[in-house]
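Below you'll find the structure, written out as structure tokens, and then a few comments.
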């Protein structure tokens, strides 16, 4: 499990007084950095090797400005060239949102998927839920 | 079907040279305005009656700055108190992303779901896909 | 003068019920597209030739979700290699915000400023305020 | 001086490969939280007492994804009802951006400015640059 703590910003709120739902995909992508680093240790955007195929987010409870948020990140599936990242958003001991991103090991030059190397697979499995 | 045209902004791009994936949930929510208006014609945020339960987005093709985008919005399911909004993102005659938002007719004061009125159901069904 | 119309999104609001101030620099950059096109007609991000040196935004009145916004864009100064873009945000016949962006004609490879070509200067002057 | 550390997200980049300029006003507002707390210790958005009058941002150097950013926040002027917040963005020992926000102690019900209490003025002066 990877964990990241976020301090919500005033500009993250919406007119309903809570944090707007569109922040969750943004924060979840941000919290996938440790997963990106497994493939690209220096996070070099000129040699990027991952592409996003699908995201799902479920909203369980409202969350608010003024209280720290934790994003918990797990690897929930490892396939041949694709894998799933499962993530949860926690605030004040409540799981407020959860979701899954399907990512593909990808060659942007050839526009084709690539096999996930075995050594990365092993590290990934150590972060499974 | 509801249709909205968007001109992507330079700030919507990311280091891979395309539009960042996190814009899709933002644009899809923006394009649900006509659906919001069925429940709240004046879009009065002090009397909001909808809550988001789940979003799913699938990414089919990359999309870019410099070319107009169309968001197409359909009602794909109408239940007792919840309904599904299915949306597609098109650029240059390619369907680049699609997704579904599960929304609930909701009373924020009582924090409970509410039945969808019959007259709204009928209008929704005329926008089904 | 260049003019662009924007429909504010629900996610642009903040907990005070109005549109958050951070949207103005984002919308102003978006509305500078016609200025970008004077230098780069195809908006090719691989051959970008402008850099932002400074932005100033003054907030005159609150602005809200549910009503269309107009961004008006003028060229307020043309120098040797830099120029100023003056912009206003209007909603319901009220000027709600205004600001100036100082931009520089720039070579990213050599990391140096470049002279603005005379023909572009002339077009710019036709959009002055 | 108040200090905050930020890990830039992949979605904060733009097609030029650096962090987009529009993130600076967003991060600067986020880093003004300790200033907001001087007026509203619980950050209660239903009893907000500050309004933004003007922001200025100067861009000195490009900044990038993959390296931590520090935002330094100072009080640079304290007037009767308004005050200035001066902020700097640092990455890898380079000051990449700086700016000033003019804020006003404000009553949203009466839509008028209010005097800054003396005890808050004193704390502010201890954070001057």
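Going by the order they are written in, the chains are A, B, C and D; count residues from 1 in each one.
Keep in mind that, in the parts below, a contact is a pair of C-beta atoms (placed from the backbone, for glycine too) under 8 Å apart; a residue touches a chain by one contact, two chains touch by 3 or more.
Quick caveat: nothing in here was measured; it's all calculated off a predicted structure.
Engineer: Interface check for copies chain A and chain D. Shared numbers divided by all numbers used: above half gives same, below half gives different; which is it?
Structural biologist: The interface is built from the same residue numbers on each side, given that over half of them are used by both copies.
Engineer: Hey, which chain ends up farthest from chain A, C-alpha centres compared?
Structural biologist: Most distant chain from chain A: C.
Engineer: Can you give the rotation angle that fits chain C onto its twin chain D by Cα atoms, in degrees and rounded to the nearest 5?
Structural biologist: 180
Engineer: Averaging only over C-alpha atoms, locate the centres of chain C and chain D and give their separation in whole Å.
Structural biologist: Distance between chain centres: 22 Å.
Engineer: Please compute the C-alpha centroid of chain B, do the same for chain C, then give the distance between them in whole Å.
Structural biologist: 28
Engineer: Between chain A and chain C, tell me the centre distance in angstrom, where each centre is the average of that chain's C-alpha atoms.
Structural biologist: Distance between chain centres, rounded to whole Å: 33 Å.
Engineer: Going by the touch rule set out above, which residues of chain A reach two or more other chains?
Structural biologist: Residues 10-11, 13, 15, 17, 21-22, 26, 29, 45-46, 65 of chain A touch two or more partner chains.
Engineer: Per the contact definition, I'd like the list of chain A residues that touch chain D in the complex.
Structural biologist: So the residues of chain A in touch with chain D come to 7, 9-11, 13, 17, 26, 29-30, 33, 36, 42-46, 65-66.
Engineer: For chain A, which residues count as touching chain B in their complex?
Structural biologist: 15-16, 21-22, 25-26, 29, 45-46, 48, 51-59, 108
Engineer: Which residues of chain D touch chain B in their complex?
Structural biologist: Residue positions touching the partner: 10-11, 13-15, 17, 20-22, 65.
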